[in-house]
Structures are given as structure tokens and as C-alpha cells.
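Below is the structure I would like to discuss, written out as C-alpha cells.
So that you can tell them apart, the chains are marked A, B, C, D and E in the order they are listed, and the count of residues begins at 1 in each.
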């Protein structure tokens, strides 16, 4: 089971400090939400954990191994999976092919197998296909299996990214604003999916979201970032009522909150 | 109030897929009209059709009495219809200021106006003012959204069409943006056609609303009535 | 979940459908081509099939992996020179030289790939162009490559000319068959690679490098594989080319040659095997067939003056009317 | 034979490098602008350099006829640049615009096609022989630190510099320049702020071809002759120069052109003419490995 | 395939023409950079064929010329060569670019077609030792001898610079000349190359200026040669300058400019205007095409005449017989008396050294 500890993580872009001396743990089996104002450094944090940005300093320990400096592909192979805030599906490939990508680090057939169509190769191909189809069904977009990703409705593309991440068979799943652009009932579906993921996969899910309704429903644990620093951390109850969080992030509407 | 935008029997296709199936609606001078609907209902497509990015197969789009269906996007902007597209689409490799300057492309001859409008936008979004020289591509999601709206305002539109302006924004910013939309509408008299997933926020702002389902309008009413409607509440607003 | 999925293994058996039987028929027809073509059309036929192999090789790099390569002729130069040098200098057996040509070319692909992998496609284009020029110029300047006039006197490794059914079977005929066999192998290999794990990894990289990396795909390794495989095909083709020409010169490996191979790849439809096949045939046969235009239209104009003008116009028109390439895309049905 | 660099040789070589570099840079600019805006490697661009020279030649041959007329020369330049500018626009209209939404590489084919068309049309029309410019630049000059420098050389360098500075100003300071850069990033978004995208693309082709023709005319009058194949090698060199500088970047194209001129000169001097291209390309590759976006090209960070 | 091509292909099996017509194939560049040379040669051949046919043809059969474009490119050249084979030509006369001629002669050899290479003159063509191939232009060795003789012996040049353009032909000539110069006691101080099609040689010229050669020899073509001479004179490099036969074209003088070209020497086989016998040829050529003949027009004209002579002597269109007849050629042509060595090269080279005088080539004293 996954165990992730982040300590003194720091990221600098020229004069701008995107993440500032951040330390925290990702608890096992939990859904952890990272929230915070736009530009607080949430996505940057994901990018560092998954190897796309190299921290200026600090450590990211995954099962006791410091993964700073590793390539994204190596980190993925270790069991980290993510989705992207701005959709990054493979536009001209079918949904199935998209999801099959996730299986890459779990398989090993190379040139020779492919050229000779060895039994091992064929078996592995069938397995890849099988897992991919399962993942597609799991998130519920099987109706689109053979469609090109770019022709999918926006929401389905978000689900596609999740299916693709699940095909990695990850030890931790990172979702960057999975509900962006969803309406209320769609958000309910997503909440359901996150619940099913935690049940079926028994892995920590870390998500970035701006939708408090959703955050409130799915999270076990919330961390709030502001200007790259940790502003608050704890249970939804505590965090969402923290006046500092309200002031910096939630704001006050005349009546009640937007969904 | 006079009708500023009059859409009749609009049908739009992507290749063989029909995304909009005979839609009729109007927007009156000075109104905020919300367009609600599920993912893939065709909301963005309607906006794209109005702003000339896609040609409708059928129907008419009259803006202040003039038909838009055969006009190029840039001409439509010149007529005063500005579309802030889904997904922000700021010019990543240009600075914040350059993005805003391009927003007033159609007013390129008027330097004074440019300066004045720049000030206005920076006042509205102080966060952008801090980042004048930053490449737009490195702004955070919320910052980019502000820039996209700011850029649209630079041309002083008569009709501003916003496609999911609250997407990806922190709640506090959503509140701000909604306030700003209201402010734009009230202070500048800009008519606004608003596509939103955040139905509650949208309806609180809007005067009227339309609900779109798989390419057809299924409901049309005042915002207050829609907010109170059972079906709308179930599908788009949720109950706490 | 893992266990559940591992059990149900469905082997996808190759289906014998209309398309593949048509293809087989076409192959048989192609094999008998020497019996109804004269030496000229056989020569053109050789070049067309040769271009099919080169096109498919380049297609791995450009079509599959999305890496623009403007110096592909360098790889076929490596193959041709390897064969030329080893056969004339060391009297090496042709088949050994052929294998060596493939290997050397693949290594060359690796060498050019390695330092340039961080580059995005268009920068890669110029690096490959530069590499192509470096190879060509070096071949011109170096002693062991025969300098500017290249290598001549490459002996035919095939049986002496003979007559069969009234048709002379000579070096050209054998070379045609050899390149045809190579083309068939290349087609099958391309197809299999395209549908494999590694082929998909190329597609992922082509579509979105960062997302591919996030899926655990090592872009460096994947790109190197694409380069090497593409170069391997080129090297093998170059080897047969050397034997067919009996003499090779640096001028055969110039930039325009690389561009023409690229044309073959794009014209028919990037990434599609049938597209590359058709593209290659057009690129070779169209300008050649214009040699006979005079006879067909009975016009007394100096057609050679206009040959490439017409070819150029044809390219523009073809693309305007079939922007996706001549062979339509069949996947991702709506 | 020992070659040691003396001042006169150094100055002489520097001037040589600047002259060739100016030609490269002017063509590279068009390459880079077109690439920047529609991501097309415009293979036909080098041929516009050649066409520019032929147009200028024709004007000179028809109009001036006799003697060295500075006015005639000026007129030939202006006509060549404008005619070629419009030709560039026409090519964009016919061969590229219908394909702007097609897969990126298919437009490459029409570019190769147009290159063949231009080259072979000139050959069909003018024949394959080289032409001699009826008016050539004067060869008198002065001596600087032992090097012989002609007024014509100074003229070429100055004229190129003026064109490049003007372009720099145009692209970075005027709204049309910004519109070009915006279109390069996102055509749809550009049209949504009211930019007439097709018109600005057309304008870009005009400007690029215009500059290319200027280089073509300067080249033909400086060396005194022109042939229908002269565009190919210059096109290729200019492409290289554009990439050295960072393709899509205007300042980069200028810098790249000049740098390539210098590299070739050093290459010829140190390694001999037969190796100079190897030297230049080798440096190019090393440069790109160290700085993958060219000298001035900036990496547009895409957000995840 | 093309029905027309297929038909002619099947007719070609025996490679002999009907009694009425003898097909003679020709190949040279009709497109691309060297297209002008090809066009000049093609016209000269037409003139020759017309004369032969007007005089009753060869043994009663008329000559029919078939020209194919080799684009001066090896790959196109083999297609062109095979095209000629397919068309059933009895013999081939032509060839301007050595690079294209080398692989093309391989095709002719494989098909046993007697071939006279008229202009291309790389030694490597002969080195292939194909018995069917004959060359009527002097090879590089001959030419290098002339150049060395002129520079080292006649003009007492000690320091020699040799510039080529890295093409098969020019580099070979450069290298052979280098060897000869050195064995004649001269020293090659610069041996360098330019790129074909390039226009700026100033940095090379600066280098030459520093080396101060007594004589500079350009072995490449006239387009670059003209520019080279111009820049050479502009920068005031020391010593005399000369060019090889690749630069044999009047355009050389035009490109260099009359003043700069003055005094330039050139080694080449005599062009028609220096041959009293050729006066009629020039007049006829001008009358027919309203153009001056090109530098290799006369050789191509000779080639056709020579081939006609061989076919006549062979008494049939049998290729072996023609090849044998060719080997025994002893014919007076416009460009001199032609007979062949066992390698198929000219027994006696007819190279001369000319010099530019007042804007034209003139025999050097």
C-alpha cells in the first residue's frame, strides 16, 4: 500500500514562488482534497509529484524512496497516476486506444514479439485490451469505446482520463479538477465514481477541486494551499469553517454558497 | 426593451452529428440571459454558431436586425458581439498586456480608448495588473479566465457571450466574477448571454434563462421561476 | 481485478477478409510484373517498390511517431554504401552485406536520434536535414566512400541473365523481386508494429508527449526505437538499391530525395500503410509517365521542360482535393 | 600552407560573412514568419527569392536598357518586391489556404509542389541558362584595415539592416504584428477578438515574400547573374538560419542568418569549402542539443 | 502501367529496329540545372540525323532519335536508360553528366547496347571496363596534362590552387590535375571546393589571396566559374586563372564580366568555331534553330555521325557487330580524327588551351 510523504517541497519560477516549503503526508485509503485559490500552487504540486516539474528543493518520498529527479514515466511505473486540469487525452485515437496507454508500464512486449506475433505477445495484447475495456466500463463510457477521443463530449473526455489513469493500476491516483465544467447531477455521478474507485482499488485518491459541494461529500481529509503554503489541513468540517480559509478562498455570498 | 439577438430555428452539425436541433431564442437589450444544460447539450455550439466559428445548416441569427449567419467571426466582433470561449483560450505566448491590447484589435486606431480600457480591466482584475508582463500561458487557470473576460471587455461589446466563465475558479473568484458580470451589465449596459454549469449562480444573476437538452430548448422562463422549478432544481441545482 | 482480467484471454486471430485477399492478389500480380513490363517499366516498377519500402520506413518515424524527418535519405545512403563498400572492397556475400546494411543504418538512426530527442518536431526536422547533408557531404569527401563519383562496379549477386518465357531475367529483374520481397516484409512488419504495444506508444507520443510520459512511456526509448526501425528499413532498401544501380553516388542521397520520400508518405495518407504504398507509386510513376505524355496527346512540345511543372501542379491539386491524403481514413467511425 | 588570421583577412571575412548572412537573414525572416503563423515549412519560400530576382531582372532589361541608372535599379527593386509579395499572397491563397485546417503535413506537399512549379515555370519561361543583370552594382570602394570594401557591400548591409529593423518594429510594436503572433498561437481565439485571420495571414506572406525578393534582387545585382535554380540552396540555408535563431522568432531569424554566414566563413577558412556545410550543420546540431529551441526561441510552457 | 510503354517494351525484346528505321537513343539533362546543355546537344543531334536521313539514311534505313531526360541524376538516369532500352534503341549517343552516365552505362552494358558518350568524361566511366561504351571527349587525364603543361611549364607557375565543386567530374579532374602538377614539380597550395549553385565564394577567395598562388585552376562548371573569376579579380588575387572544360560556355565570360574574364585560360576540346570544317555546321545550326550551338553541340553532332558510320560499317543493326565496328572507328569528325583505345577512350586527345580575348575564346599563343 502506498505511503507518500512530502517534506519541505519548494518550487520557484524565476522570481515567483509557486510552492513554498510544503510538507504533508498522503494518508492511506483516504480521499484527500487539495483546495486553494487559483494560482496557489495545487497543479504545480501535482506536477512535482508526478515528475513534470522538478522541485527547487525538498523531498517526495514514495514507499520510502525519494522520487525527486525521476522521469514522469518512471514515477508512473512506480504506481502514480494522474489526470490533467486541461484535458490531455490523445485526440486522434479511439477511447480504447487511449485507455490502453495506461497499461504500458504494466506490460513489456517489445519489437520482436510484435514482429513475430509470438504467443506471449498475443496474450499480453489480449490482456491489455481486457483491462482497458474493464476500465472503460468501470467509469461508464463504454458507449464511446471506438470513438475518437476528440469527438467525445467534454464530460466523457474527463471520464476517459480517469479510465486511462486507472488502467495504470495505480497505487495513488491524482485527479486535477475532475469536475470542472460539470453540472450538479454530473457532479453527483462523479462523486459516485470516486466512491467506487476507493472501494474497488483501495488506494488513496488525491484531488484538486473548486467545488465545495463535491469536496465536502468525498473528502476524508483536506489541505488548503495559499500562495504555495499550507493554509490549513484537517477534516472537511474543520477546514471549511476555518475563517482563514473562508477569507482567502471560499468567500461569503449574500445568501448560501454556490454549488 | 428591444430584442438585440433573435435566433430562429438554428440547426448546427459537426459533420454528420447534429449538435443543435432547431433552437429559437431571443436576448433583449440590457438583459442577462442564462443558457443551461447538461454536458454536450449544445450550449457551446450555439455560442460558436452565433460568433461565426461554425456555420449553421439552417435558421437565422439576427443581431440588431442584421443576419449573422453568413458573416466572418471578425466582422461579427466588429458588430459588437464578443464570445469568450470555453477553455479560456488566451494567447499563451503573449504577455497579459498584449492579450488585452489584442482584445481591442477592432478599436486599434483609438490609442486613448485602449489606455482607458486597460485601466478599467486592471481595476476589475487587480490580479492581472500584478502580472502585466507575465506570459499568459503560465497564469493559473483562474488567472487565465480573468484574462479571457478582460480581453473581451476591451472591445466594449454590445453583446457579451460567456461560455462557462466560472469553470475552474475558486469559489471566492466565482463570486467575484459573477459580481463583475453583473457590474458589466448594470454599469456599462452590456447585454450578456451566459452559458453556465453553475446554474444557481447563473440564475441568481440572470433575468431569464433557457434550458437546453440534447440540442433542443426544453424550458424557457424568468430566472426566478427557473430557480424555483422542480426539474431544474433536481438536474442543475441540487438540494442541500 | 488483475486476476479477473488475466484469465479471459482472447486471441485475436488474423481474419482473412476481402481486403487481405485483394492484397494477396495484388502481390501475385506484382510478382509477375516483369513478365509483361519491358525494362523501362520494370525499372520504374523497381523504383516504385523501392519507394514503398523507404516510405514505410519513414512512415514509422513520421506517421507513427510524429517525428518530422527531412534527412531520411541518409539512412538509405548508409545501407547503400555499406553494401557497396563491402561488396566491392571485401567481396562480401550480398546477403551478409544486406544484413550489415540494415544494422548499420539502424545504428545510424540511433545515433541521430539520441542527442536530438529533447527536440520538438520542427527542430528535429532541421537536425535530420542537417544529418542528411552531413552524411551526403561526408560520402563525397571521404576516401573510402569513393568520393564524389561514389562506388561503381557493384557486381550482381544474382544468377547470370537468362531467358524464360521469352523474357530476359537479369539483375534488374532479380533486384525487382528482392525489393518486392522486402516490401512485403516491410508491410507486414509495419502493420504488426502499428498494432502493438510499441506502435501504440509511438502514437501516444505523436498525439501528446507529456500525456504519454504520464502513462509511463519512456519517450526517449520509444523515439529511439522508431528511429532505428525506420532506419533499418531504409538501410535494407538502400542495400538492394546499390546492387540494382551497380554504381552509387552521393547525389542520390540529397535533400530532394528525402523530400520525395516524405511526399510519398504524406500524399497517400500519413500513417496508413495503403496510403504510403499508393503515395510511393504516384511519386515515382507520375513524373515518369509524363515522359510519354507527348505520345499520348500528340502535341509537339518539349515535354521534359514541363515535366516537373506538371508534377508540381498535380501535387497541389491532389492535396487540395484530398487534404487527408488519397487513401481515406477508416478508423474511429462515428 | 599556413593560414594565420591577419587583420585585413579578418575584416574581409567579416564583411563576407555579413553579406551572405544578410541574404540568409532576409529569407529566413519570411520562413520564420510563415512558420510562426501557420506552422508551415514553406518550401517554396526560397524560390520566391529567385522569382524576385527574375522579376527585377525583367524590369531592368525592359525598362532601363542602357547604362547604369540608379533610378532604374530602384524601380526594379520596388517592382520586384511588390510583385513577389503579391505572388507570395497568391500562392497562399491558392495552395495553402484551402489546407489550413487539414493535417499539418499535407500543406507541406503543396509547398513542395509550389516550389517545383515556381522553379520549373521560370525554366519553361526563361530557359535554363543563367541571365546577366543588365545593371550591376558599382565595384568601387575603400580600404579598411587592409581589407577591400565596396560601397555596394556597405549598401547591402545597410539596406538589409533597415529592412530588418523595420520588420522588427512592425511585428513587435504594431497591432498587426501582435495579431500575427496571436494567430500563431490560436487562430480561433484570434478571430474571436476581431482579427481577420485570413487577411493577416495573407499580409504575412506578402511581407515574407517582399523581403525575400529584396534579398533576391540584392543577390542578383551584387553577383551580376541569376539562374532559375538559385532559390533552392538559399532556401535551405535560410531555413537552417531560421532554426538556429529559433524558428518563429523574428530576431532569431536575423541572428541565425548572420550567424550562419559567419559559421560558413569560418568553416571555409578552417576546414575548406568541402567541409564547411558539415561544420555549419554540426554546430547547428550541437546548438540545438544544448538549447533545443534555437538561440532566441522560447519554450512556450504548456500547463498540465 | 502505361499501355503505350508496355507495347513498345514488348517490341524491344530483340533490340533491333525495323528495316525502315534505326532508333538511336540519347540521354542528357533536359530538366534541372544542366537542362541548357541537354537542349543544345539535342538540337545538334537533330541536325546530324536530318543530314544523314537526307542523304538516304544508313543502309537504306532512316535514323530516328529518341531523347530521354536524365536530369543529371543517377536514379533518373537509370530509368532513362531503361526507357531507351524499352524503346528498342539500337544504340545510344549522349551523356553530359558523369554522375548520371556511370550508372546509365551499366544499364547499356547489361543490355549490350553500343554507346557513345559524347561529353561526360570522368575517367571512371572508362574504368568500369564495359566493352560497349566509347567516349569521344577526352578524359580528365588528358585534360589535366594540358592544364599542367600550360600552368607549370608554359607559365612557370610554382604554386597552384585547384578549386572544384565536389561533383564527380570536377573533383576527379581536380585530383588528377593535382597529381600531375606535383609530378611536374609544382606545388598545390590550395585544393578546395565550393558548393554547386552557390554564388558567394568570397571567403574562399580571401583564402586564396593569402596563399598567393601563381595559377588557379577551376575544374567545375561555368555558372560558378564565372562568379569565381569575377570575385577572384575583384579581390585582386595574384597569378593567372583558368578553367576546365566544364566551364566551357560563352556564358562564363558574361557572368564574370568581360574585363574580369580577360586572359582566363580554358582547357577543352575545340568548340566548333575553331574548326574550319565546322563552319557549315555552325551555319546550318544557326539557320535551323536561330541560336548559336552550345559548347557540346559539336561533340553530340559528331557522336551521331560516328554512330551512323559504325552502323553502316557493321552492315546491320546487330549490337555486337556495331560494337565491334565502333571499336575499329577511324573517322574524321568536326572535332578531329577519332579512333579508340581498347578502353574505349580517345586514342588521341584533342584538348587545346584557349584564352579569353576581348570577350571571346581564342586559341592561346
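Quick notes on this structure:
Keep this in mind: a contact is a pair of C-beta atoms (placed from the backbone, for glycine too) under 8 Å apart; a residue touches a chain by one contact, two chains touch by 3 or more.
This structure is a prediction, so every number in the text was calculated from the model and none was measured.
By the document's definition of touch, common neighbours of subunit A and subunit D comprise B, C.
Least step count on the touch graph, subunit D to subunit E: 1.
Relative to subunit B, the chain whose mean Cα position lies farthest away is E. Each of A-B and B-D has its own count of C-beta contacts, and the greater count is at A-B. When every chain is reduced to the mean of its CA atoms, the largest separation from subunit A belongs to E. Taking each chain's centre as the mean of its C-alpha atoms, subunit B lies 50 Å from subunit C. The mean-CA centres of subunit C and subunit D are about 32 angstrom from one another, to the nearest whole unit. Inter-chain centre distance (subunit A to subunit C, centres taken as mean C-alpha positions): 42 Å. Rounded to whole angstrom, the centroid-to-centroid distance between subunit B and subunit E, based on C-alpha atoms, equals 74 Å. Among the residues of subunit E, those touching two or more other chains are numbered 31, 35, 39, 166. Looking at subunit C, one finds that residues 137, 140-141, 210, 305, 307-308, 334 touch two or more other chains.
Within subunit A, contacts with two or more other chains are made by residues 43, 52, 84-86, 88, 151. Of all residues in subunit E, only 31-36, 39, 163, 166, 189-195, 197-200, 202-204, 206-207, 209-211, 223, 226-227, 230, 234-236, 251, 254-255, 257 touch subunit D in the complex they form.
Touching subunit A in their complex are the following residues of subunit C: 1-2, 4-6, 8-12, 189, 192-193, 195-201, 203-204, 207-208, 210-219, 225, 229, 331-334. Residues 62, 68, 115-116, 118-120, 122-123, 125-127, 129-131, 133-134, 137-138, 140-141, 210, 255, 259, 262-263, 266-267, 270, 305-309, 311-316, 318-320, 323-325 of subunit C touch subunit D in their complex. Interface of subunit E with subunit C (complex): residues 1-2, 4-6, 8-10, 12-13, 30-31, 35, 39, 67-69, 73-75, 78-79, 81-87, 98-99, 102-103, 106-107, 110-111, 122, 124, 127-128, 166-172, 175. Within the complex formed with subunit C, the residues of subunit D that make contact are 35, 39, 41, 43, 94-95, 98-99, 101-103, 105-110, 112-117, 119-121, 123-124, 236, 239-240, 243, 247, 274-275, 277-278, 281-282, 284-285, 288-289, 292-294, 302, 304.
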